[in-house]
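Two complexes come next, and they have one chain in common, chain A, joined by chain B in the first and chain C in the second.
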Partner chain A sequence: MTTLSPPGTSRPADAKGPAGDGPERPRRRRILPDRLRRAGLPYLLLLPALILEVLIHLAPMAVGVVMSFKELTQQYIRNWDQAPWIGAGNFRIAVDVNAPVGEALLHSFLITCAFTVLAVSLAWLLGVTAAILMQESFRGRGLLRALFLTPYALPVYTAVITWSFLLQRDGGMVNHVIHDQLGLTDSEPFWLIGDNSFIALVVVSVWRTWPFAFLILMAALQNIPRELYEAAQVDGAGIRQQIRRITLPSLRPVNQVLVLVLFLWTFNDFNVPYILFGKSAPEAADLISIHIYQSSFVTWDFGSGSAMSVLLLVFLLVVTCGYLLATGRGRKSR
Partner chain B sequence: MTASAKAAAASPAVSPTAPPRSFIWTRRIVLTLLALFAATPLLVMLSSSLKPLQDVSDRFRWIPTQVTISPYLDIWSTVPLADYFLNSLIVAGAATGCSVVIATFAAYAVSRYRFRGKRLFTVTILSTQMFPGILFLLPLFLIFVNLGNATGIAIYGSRGALIVTYLTFTLPFSVWMLIGYFDSIPRDLDEAALTDGCGPLGALFRVVVPAAVPGIVAVAVYSFMTAWGEVLFASVMTNEATRTLAIGLQGYANQSQVYWNQVMAASLVASVPVVAGFLLLQRYLVTGLTAGAVK
Partner chain C sequence: MRRSPARTAVTVTLAAALTAVTAACGGGSSTDGEGSNDKPKELTYWASNQGTSIADDKQKLTPELKRFEKKTGIKVKLEVIPWDSLLDRILAATSSGQGPDVLNIGNTWSSSLQATGALLPWDDEHMAKIGGAKRFTPSALAATGARDKDPAAVPIYSLAYGLYYNKKMFKDAGIDEPPATWDELVKDGKKLTGGGKYGIAVEGGDPVENSHHAFILGKQHGADFFDASGKPDFDSPGAVKAVKQYVDLLAGNKIAAPGNAEYAKRETIRDFATGKAAMLLWQAAATSIKSNGMKQSEYGVAPLPVQAPGSGEKGTRSMVAGINMAVFKNTDNIDGAMEFVKFMTSDEEQRTLNAAYGSIPPVKAAQNDEAFDTADLKVLREVLTTSSAPLPQVPDESKFETLVGTATKELFADAAAGRKVTTDSVQKELSAAQQQMRK
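Up next is the complex of A and B:
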């Protein structure tokens, strides 16, 4: 859901540069009476988008920051402005790793990090492999592409509900294959509770996100001039060298954005664990979004839930800025 | 090399030397495995939706003992699926329509005008996309509840609230994608329209929008898919009357017995509109992404 795009990548807007603005300038001087109207018009066009984003995203976020400094428990939900201030109390509880709340949050955070690293690498790997293998046309390519993209096109809930059916302990397909048909395990493992739920989560998440990596990388591959490959072939470069010397370097700018997008999506994922495990995720698959959701809506303690959200926001900001600086994307766009 | 017409159009030249056999075999094996991974859940979804209840309650079986369409008939009465479907259609449709129009205006302004605060606008609007939904779910929930209490209008739980919320989810990415697309349309075109006496809006609607149809379609597909599939806000901000498919489908699992064949049938019914739309229009999505995002 959070299809995000890092702030540093708004290059297209600026990239047109002086050439694009050139022809406009002389006219603006020529038609003087229109100047005022023209100056106001862009703002007018932006106004609806701006109002909505401020109203639905920025204002609630500001409210959320305020809420995190309040003792906002159940009895204050209806009139939250009267909830008492408790300063940094919510934050102190959230980061106190020796107390149950802080310990659980840290655990959830670490699980989320491990899940994100694993799921993003796998999704990217599958995406780039499929995109490279399907760069040349062959019979059935269009059909295969449609098949690969379908998991991404499915609404997340139907995809995950289907997976939860496959992963049932007693009547599920996965256990039928590995236990009944292949005989790999002595007893049928549980997938939706216990430690295996982490594996289930990674598999389902990769199944859903790798087509997106595939789609983006495939689009990017089409922009690589074919002459490059032909020249490399003339010089005697094999397929492997072509991939290493031409394909992967050409994909670098796309990869920078893609990995960031996949990271933020996966890290913030709420849908997959929520539908796969229901309202109480097993400890091994307690992702941060679901953790905050539970600690807010199960206990109705919105104050501490908001404090956790703010901590999450700070973490994501730091990681994103660090990533953009490290990959040089931020510097370029400035 | 035999290639379908579509594939041949995508890659203009056929390579002078055919790829080595080892590559062909790697490709065959890897793509087969990937296809199995992608297709298995889809096949199970389809086959289970055609099985009698007995087949999905016991051990898993690949082949149904008998093929039946009764799950497709029963889904409508087990839960009010038609209502959920209609709710999803209204919410996703309205959110998409508004999102496309508003994003078109905003992207036109950014793409064609120089003004103070342009950079601030693009950065702000994109950075809102970075934040997890959970972050503003709680405040937004409280704002809607309190606003409803203050005005006496039922905002929380209404379709309108959900439409506006989904709209803001898709706006930033839509604006961003359309800026890229508009930038790729030669400015001479709308400059010419302006000198011919069109107003700026006339230039937008008569010249820029028609030239940007693929980008606009891509944005619409993306918006519709996002709104159709959203779960988190739907789980909190809908009530019995406004429930969308995302939450409604879980109704089959809340009964004392899980009617898995009906769950799968209902999942297919809920998926078909978006999957069909996506596969039909994916070409536009790729073009839109290449112009906007992948530049």
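Up next is the complex of A and C:
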């Protein structure tokens, strides 16, 4: 918030300035006090953006919160006003892990956590490795960079639908390679149903997100002064030590943001599982976004779906704040 | 406290914006009346995907819409919506009040959508405008909403399940005629399975398709998935038998390829048309089979098998499948919408459209046309009039399709992964589905 603090408000000398010009100057009558006018300008300029932000982000969230306290089933979706209030009923059902609905939500939540941890760390690892390897210039570096960024540039639907064809059991490329040609498996495995669907989901998600990590880290690496490395080389540090002592610490502020962004994207990802598995994801890959979609759209219970969304929102807020606090404190001490 | 005026301004703006938005949300759908005539010269029509592709549908429908425009001067804006998003779109339209004027719905959704109150009820007065309910076949009318209410929609295309079989493969395996009971089907299937070919193909990854078969087999085992008061009853012994029998085509009997467990994009029809599978259970598949390169003379159509020869409920061979046409209550061209439904259900249009899609006209007078005397449609028509039952006409029907269909999909996945599918495991899946219904 500090960046938003209006300039001028803290300068009482300014306010006295005009008064010092003498009493002969007629004071224009102002609708707003001087102080407020000055203070208000930055906010006025911010207003259009703020209104849009409220309309596009905050209002739907608020509506979602309202919905979560209503019994918004098929009888009422045409006329929301008439849907009865049921207090915390939807929430009670969602968090009651001994009942089927809560149990399924918890299962989905745990799956999502495991998926997120795996996908984010793999995407980051791939990104940082590729970025470091691509630091030195060599023939074909530009081409390789462009190639690496392709998954990020492709529209998500096109990319993931291609994956779903590759991953088909009969006639899919993946099975053709690992079963028919390499003979790694005894029988052709399923990738889109059953337990393997989790692996498929992680792979496709990492494939989608790692170019972003790569791109950001590549940019960050450009900012590390060459001299540091030269000095380290003079002191006899090897490549590993250089990476550990110079590269990684210098990337720290970028990593902080990057990991957070990757976490939020991956945790909330709806497109990839939806396109890969359709409306009913296999149990092993039942991500929370799909699960909530199922709970609201497919069973027509929007109140229950909203309650789950609100819980998700709270969870993500807590994680994000906790993360920022933890990493922020580290930054101050530096 | 130096920031306070600004902060107040922000708070006020925020609050104002929020109220405006929430008010708009509530207000958009508050018209309880039955439509208006604000825009008498145009209509928006959401058609379901009946042809082999969206483009195919547009090609088939556009000339008819042009004729309607010539006749009445009303321009119809056509949008063909794929099946996997149609229900979502309808729900979104219902909650926002911003929808089409006229739309197609899967007839199994009739009661569920009826319960939302989004569709114009077809009372006697409205029905009279399109020639009265008597013009339609009773079986098709049975799938237009709850029995004690006015229909939520009128039927425009009727469909039924049939057993499609590959004549040559049957002949090569020494089978003279299509199976009449499920035991025979399994026996024949085993003869036909081998050398990379399978007795039958099933769309195991598609919940909706699964739920239809669960329903038909359930009827044959004397199980309804809802009791008389409309409460779900997903895990009765008959229901368990039905689902297990269907999954066993792949699991126990192994007459369907394991890969079928992930089929959800009509790969089943492709496998049948390309000779990878000898049998197929599908609704009016003629046009799709043709587009996959198989000639009409190469396959035969028979009614679905039953458990044992007999009649009554246990002789159910199909659900009443089909498409209904509904008028959205919030329409701003109610007279035009009525006019359009009248046009689409007229004898002439019914002949043209059903012939184009390979379905059966639910309008009696339109059925007397040689286009509907093909080998498969004759069988399907017979099934529809004598041995079909509508899916439960209760508000929770759409949840049945999702939950039981998904449970069946999981069981197929288990079977394909080599795990045993037993009465217990089926019972467990269905009980879990049942519990999802209880809140």
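By our rule, the second predicted complex is superposed on the first by the 283 of 334 C-alpha atoms of A that agree within 3 Å, B and C clash if a C-alpha of one lies under 4 Å from a C-alpha of the other, contacts with A are read in each partner's own complex, and residues count from 1 in each chain.
FYI, contacts are C-beta pairs under 8 Å (C-beta built on N, C-alpha and C of every residue); 3 or more make two chains touch, one makes a residue touch a chain.
Keep in mind the model is a prediction, meaning the values are calculated, not measured.
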| item | value |
| --- | --- |
| A:I161 touches, of chain B and chain C: first, second, both or neither? | first |
| Touching partner for A:S280 - first (chain B), second (chain C), both, neither | second |
| First (chain B), second (chain C), both or neither touched by A:T150 | first |
| Partner touching more residues of chain A, whether chain B or chain C | B |
| Which of chain B and chain C A:R244 touches, first, second, both or neither | neither |
| First (chain B), second (chain C), both or neither touched by A:R141 | first |
| Partner chain(s) touched by A:A220 [first = chain B, second = chain C, both, neither] | first |
| Overlap of chain C and chain B interfaces on chain A (superposed complexes) | 5-6, 9-10, 39, 43, 50, 55, 58-60, 63, 77-80, 168, 170, 297, 302 |
| Chain C-facing residues of chain A, complex | 5-6, 9-10, 35-36, 39-40, 43, 47, 50-51, 54-55, 58-60, 62-63, 66, 74-75, 77-81, 93, 99-101, 104, 168-170, 188, 190, 192-195, 278-280, 282-283, 294, 297-302, 304 |
| Parts of chain C lying in touch with chain A, wherever the complex brings them together | 2-3, 5-6, 9-10, 13-14, 17-18, 21-22, 25-26, 29-30, 32, 84, 88, 91, 94-95, 97, 112, 115-118, 205, 207, 257-259, 261-262, 264, 395, 398-399, 402-403, 405-406, 409-410, 412-414, 416-417, 432, 435-436, 438-439 |
| Chain B-facing residues of chain A, complex | 1-7, 9-16, 20-21, 23-24, 27, 38-39, 41-43, 45-46, 48-50, 52-53, 55-61, 63-64, 67, 77-80, 126, 129-130, 133-142, 144, 146-159, 161-163, 165-166, 168, 170-173, 175-176, 180, 207, 211, 215-216, 218-220, 222-223, 226, 229-230, 233, 238-239, 254, 257, 264, 267-268, 270-271, 274-275, 289, 292-293, 296-297, 302, 305-306, 309-310, 312-313, 316-317, 320 |
